[in-house]
Amino acid sequence: MTENGKPKLAMYWAAGCGGCEISVLNIHEHILTVDEVFDLVFFPAIADFKISDLEGYPDGFIDVCLFNGAIRNSENEEMAELLRQKSKIMVAYGSCAYEGCIPALSNLTSKDATFNAVYLDNPSIDNPDRILPQISFEVPEGELTLPEFYHTVKSLDQVVDVDYYLPGCPPESPQVWAVLQVVVAALLEGALLPPKGSIVGASNVAVCEECPLEKQDKSITRFYRPYEITPDPTICLLEQGIVCMGPATRAGCGALCPQVSMGCRGCYGPLEGVDDQGAKMLSAIASVIGVGNPDMEEDELEQEIQAVVDTIPDPAGTFYRFSMAHSLLRRAKVNADRSGETQ
Amino acid sequence: MKQYALYPGCSLEKIAQSYRVSAIETSRAMGVELKEIDDWNCCGATAYFHVDELLSYTLVARNLAIAEKENLDFVAPCSACYKNAYFTKKYLNQDPELAEHINYALEEDNLHFTGNIAVKHLIEVFVQDLGVEQIRDKVSNPLEGLRVAPYYGCQIVRPRKDHEDVEEPQFFEDLISAMGAEPVDYPNKVRCCGGSLIITSRVAALSLVRVLLQSAVDSNAMVIATACPLCQVNLECYQEQVNQEFGTEYSIPILYFTQILGLSLGIPAKRLGIGTELVSTKEVLTYAQKKENDL
Amino acid sequence: MTEQYEPIIVGFLCNWCSYRAADLAGTSRLHYAPNLRVIRVMCSGRVDPQFVLKALRQGADGVMIAGCHPGECHYVEGNIKALRRFLLLKQMLRQLGIEKERVQLVWASASEGIILADAINRMTEEVRALGPLRWQDSVIGANGHKEGETVQDAPVPEEV
Amino acid sequence: MSEKVGVYICHCGTNIAKTVDVEDVAVWAGDQPDVEIARDYKFMCSSLGQDLIEEDIKEKGLTRVVVAACSPHMHEKTFRTACERGGLNPFLFEMVNVREHNSWTTDDREAATKKAKALVNGAVERVIYHQELEMMPLEINPNTLVVGGGIAGISASLELADAGYHVYLVEREPSIGGHMAQLDKTFPTLDCSACILTPRMVEVGQHPNITLLTWSEVENVEGYLGNFTVTVRKKARYINEEHCTGCGICIEKCPFKVTDDVFEAGLSTRKVIYRPFPQAVPKYPVIDTENCVYFLRGKCKACQIFCPTEPNSIDFEQQDEFLNIDVGNIILATGYDLFDVSKIPQYGYGRLANVFTSLEFERLVNAAGPTSGNIVLRDMETPPDKVAIVHCVGSRDENYHKYCSKVCCMYSLKFAHLVHERLPDAEVYNCYIDMRTPGKGYEEFYNRLLEEGTHFIRGKVADITDSARTDEEEGKLIVQVNDTLIDKQRRIPVDMVILSPAMEARYDSRKITQLFRMGCDFDGFFVERHPKLDPVATMTEGIYIAGACQGPKDIPDSVSQGAAAAARVAGLIARGTVYIEPVRASIIEEQCSGCRICNNLCPYNAIIFNEDKEVSEIITALCQGCGTCVAACPSAAITGAHFTNDQLMSQIEGILWDVGKGLESIKKVESVAEIGD
């Protein structure tokens, strides 16, 4: 804490949608307190900072860095490493930085398939020479460079050491403000910081605890996609056949989505002791499929259950919507021969 | 008019003319056409299979292939032909190399066996395809009081096909009751009639025939109905020799089931080939007399 | 050291049926592929899909879950839940590019040592034909950000 | 987590050492992290082997033990006790199966050794996460339920009752006695069956420790070893058991008769209000509502009118009663059914009058039977001159039952003897495949029959027909059989044929196994825990089986199994509390979100929802430890003792240590920040 003695705050926006920046500004009048308390030293989203400014700071100059967005290309990684070098506390802010989120869903396909869809065969593309972006390109004026597009999207903690995780897509503003208060209390009054690596701004019980919908025994005979059903708003959505990730996702958001009859998507990430949110939810939801009993013949049993399973067309996309990068398998094996398999 | 590919077999050419004639008459009366396969060959009967299995399969496969050309179900009135056709189709379906080998031979006649047609005994056409109810409706001259012993012979039920119970089949009895006649409880109905043994070891075959005749007498049957030309010959033509050999006086008429069925359908006896038997069938005809003349 | 690639398959065997079937195969000296490494669980219903993914991530080339036939589960219906999870997991594994032969569910009662031994042999050959999986190196490692390395035949993106 | 693990690799003589390089595995294990000491030893299960463990724990301060040897089903208990003796909690121990699952299944020494190392490494990684557990005490309710009042059920009940324990004996028929009550004599001693059975029945009827519930069936079973709650439906007898003296006047006066298909096997009739047989226990009759005129058309009531008791014992308004009884153990002795001989049409049963089943002949030859013991044909008058007895009807037969029913040879010999005894000049032909006389005095009994001049024909009967071929066969039943000893087809004319059908499992045995949550085999007989070493126990704790329900057997075996089951139960009751494996699930309340995914997963209803706390809870006593809910809980709030997620996850990592990452084992990557790949 040099010059004016105010703690230094930085926020960077890597592969993300910018919703996290908005969520910081969304803490309403508290933003004034933030401004009063903190000295914004690097916040490209709201003020014109340059990388050279960042490089100019001494190591550890920034007290708190809120890093949001996943690591999609080399620039994201370099900035992450640079910010880590320059910051005392690195916070993986929001689901992208914490566990890959929507960007990481591209791990279900490959870099070439992505380029193919974006730059080559696409109805709105006119690219006869089939030009693809290159990392470096010589022009008379000199060399033009672009960051390298990685095969696999990674979460922040897979490239640098992360101090705290603030889940949510985006994190709920009241949680953001609560975290900032803790940080301020620690920096100014020397209060104790939570142990390194812990998840802040979320509870360690599942969303169901905060969800007001009435819950009974679960026995599901088919699943519906949101457009296929208008659910009873007072009863647990999962029991009505809507895939709701609530049971396998941390609370903290106040169960906003289920209260408007939308199944929880799982953006606050898995609970303590769960290694893979997708597989865990799959296990829970499959166990309560209410079809098939021990007296049936083996193949009839399988057919009946398969019929229910078929009503979830995209299990990977549904169960790994936010935690793909943190899943045990991280990505799909792309050179597998999937020609024979129709989706 | 449902059509079938009729495979008459050698017996129906010569000694079993009456079976052939009565079969065609009764099937036509029941709305079924038995269309004889052209250029059919011998089916190998019971003997040839044990001499050369491959060639006997080829013989039968050729007949099946001809029937397949017209895409009609294969019908054999004689039990031996039926058994050979049934098992040829079964084994060729199970053993693709055998089928390929035989088809290679059939190409000479540009024939090809695929095995996609059904193989049926004539009695199955009546009992299964037409069904007892339909027959009962068509019976215009029910043979009340005529006690008939249903003699299946062995090859219809054995070796085990997909028939009902091999030991206690009932379909022949149902057919007889549909004719208005009375089927007799005939304990030896699936016992062997001696078959070709009648030539090779006469006394053994004759004793088997004797058992069948005695059993019919014990069950006080008036006539034995058969569904196989060889059984008919053994039972009828050798009654005389049985009597000489064992000092018995059997004189039981033996008719084909199609002949008795024909009578019940009101078809005159002559058109059913009745009258040429060695053992007089006059008594049987008295049961069919009533309605015959007003036809 | 035989050059031939020897797949490694992790087997979750339920204590009452398939584990005893494997014991029986042993006591009757049935020789079968030594590629299966067994983990004992009390019931196939205890096998969490996370275990399957963990085994694949740690380098297993295949995973076999073996339980009692439906209707014979010592805990009445543990195997039914295992079947439900397996059928949904199978669908997700295909999206993750894992061939369906790599993760199998087998029923074998305590007296069916032969059936389990045959299933192990069959699965070993099927996985051997598919080749090593080696998730850590060949999938996460290979698809890391090494410069310029492209992956040969990228699949057309699935329309869901 | 650093622990001091002791690893022991057993040679098992040569069983393991022949294929697994045990020394190499021990040396390799020695320098794995957390492994304090690694030894290989010839026979770990020997007392010396166990001492090794004990001493190492004491001297080296081991905190975990891993033994790589045979299947845990063999010696897990042995090594757990060894750990306990060494002062280590027995659950800080993990066993590795390198014999049945490894050395016995391959000759490839290299592969077996590699596999052994992987399995040992998996066990070492797993055992580090083991927690101390205590065996769970379980109070054993001293009452016992015995299902089935045949000789097996009776002997089990008497053994327990005499030992001073209370028994509920439930029997489906109006009286106990089972099939044995229908028999005349018993082989080989020719004791009269009723004479040796009825005293035991009376004993049961009068025993203070036995509550007899006849004409009753078990409807539902809940609970577990030591604490079963059984719902029994006591069907209405329409007789008030307090007042009825058993005088039998009602039976006398009842004007209606029906054929008795159950006890008299259809050979004679019984009244509509009836006792199956005179010595029935209990003595109270039963009204057969399907044939009783009162129940059909509301008239008669003769029995009530003539009943001498005050108040009247006949009570037409009586309803079925449902009793909930609490018992600690259950013994199933539900007996057997006879194979339906009409399924073999060529033997002519049902078509040929004088073809009898063995049960029908037992009634014929029984002094209390319909013919007071005179052996006569179906016309109930003419005695037969020639009798044929056919063994193995439906047994040892590809088309019906492949197994041998064990008792038919002996009772067929008994029948032959009874015919000789009652009809001295009758000829008896026994057609058998192999004469099986395995018991004490059985072979001597067979020799006795030989001396009595029985004709023994070694051949399977082809068929039985009444179509005679010679005068001598006229009017007779002709038994066609291929006499393999003289290699001739024989046609034996006889007057009477007795068929000895196979013993089959009860028609509803599958329903019973679902009711009591235990297993039955393909033929429907109940499955024992171990065919040789544990024939009366089942895979389900607290459920025992005895008698023919476990497989065909004769009276001596049924009695000894009944007593054996009783002894097992008495042992448990005597101990009062039993310690069972602590493999149970439990919910961490703080982590439970009340999502209720687990609520309907438990077949034992051990998971309930606490409405006010809005969390789910597990009744530890009811939980059987299958772990299905542990795997299903989406917030990992349910943990399964001895099979926790950490234990299994680390075991997975352990057994795959040699994959991909070359041979060095993967250092445990700390959970939170995984630095780059």
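To keep things simple, chains are lettered A, B, C and D as they appear, and every chain counts its residues starting from 1.
Basically, a residue touches a chain if its C-beta (ideal position, glycine included) is under 8 Å from a C-beta of that chain, and two chains touch if they have at least 3 such contacts.
What you are looking at is a predicted structure, and each value in this text was computed from that prediction instead of being measured.
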{"item": "Interface with more contacting C-beta pairs, comparing A-C to B-D", "value": "A-C"}
{"item": "Gap in Å, rounded to a whole number, between the CA centres of chain B and chain A", "value": "81"}
{"item": "Approximate Å spacing (C-alpha centroids) for the pair chain A, chain C", "value": "30"}
{"item": "Centroid distance [mean C-alpha coordinates] between chain D and chain B, Å", "value": "53"}
{"item": "Chain B and chain C: spacing of chain centres that average the CA atoms, whole Å", "value": "59"}
{"item": "Overlap residues in chain C, where contacts from two or more other chains coincide", "value": "48, 50, 54, 76-77, 81, 85, 135, 140, 144"}
{"item": "Overlap residues in chain D, where contacts from two or more other chains coincide", "value": "601, 628, 631-632, 645, 649, 677"}
{"item": "Inter-chain touch pairs (all)", "value": "A-C, A-D, B-D, C-D"}
{"item": "Residues of chain D defined as touching chain B within the complex", "value": "345-346, 463, 465-469"}
{"item": "Residues of chain C that touch chain A when the two form their complex", "value": "48-50, 52-54, 56-57, 69-71, 73, 76-77, 79-81, 83-85, 87-89, 91-92, 94-99, 107, 133, 135, 138-140, 143-145, 147, 149-160"}
{"item": "Sites on chain D touched by chain C in the complex", "value": "71-73, 97, 99-102, 104-108, 110-112, 115, 118-119, 122, 517, 519, 521, 539-540, 583, 601, 603-604, 624-628, 630-632, 640, 643, 645, 648-649, 651-653, 655-656, 659-661, 666, 677"}
{"item": "Residues of chain D touching chain A in the complex", "value": "514, 590-597, 599-601, 614, 628, 631-637, 645, 649, 672-677"}
{"item": "Residues of chain B touching chain D in the complex", "value": "165, 167-168, 187-188, 210-211, 214-215, 218"}
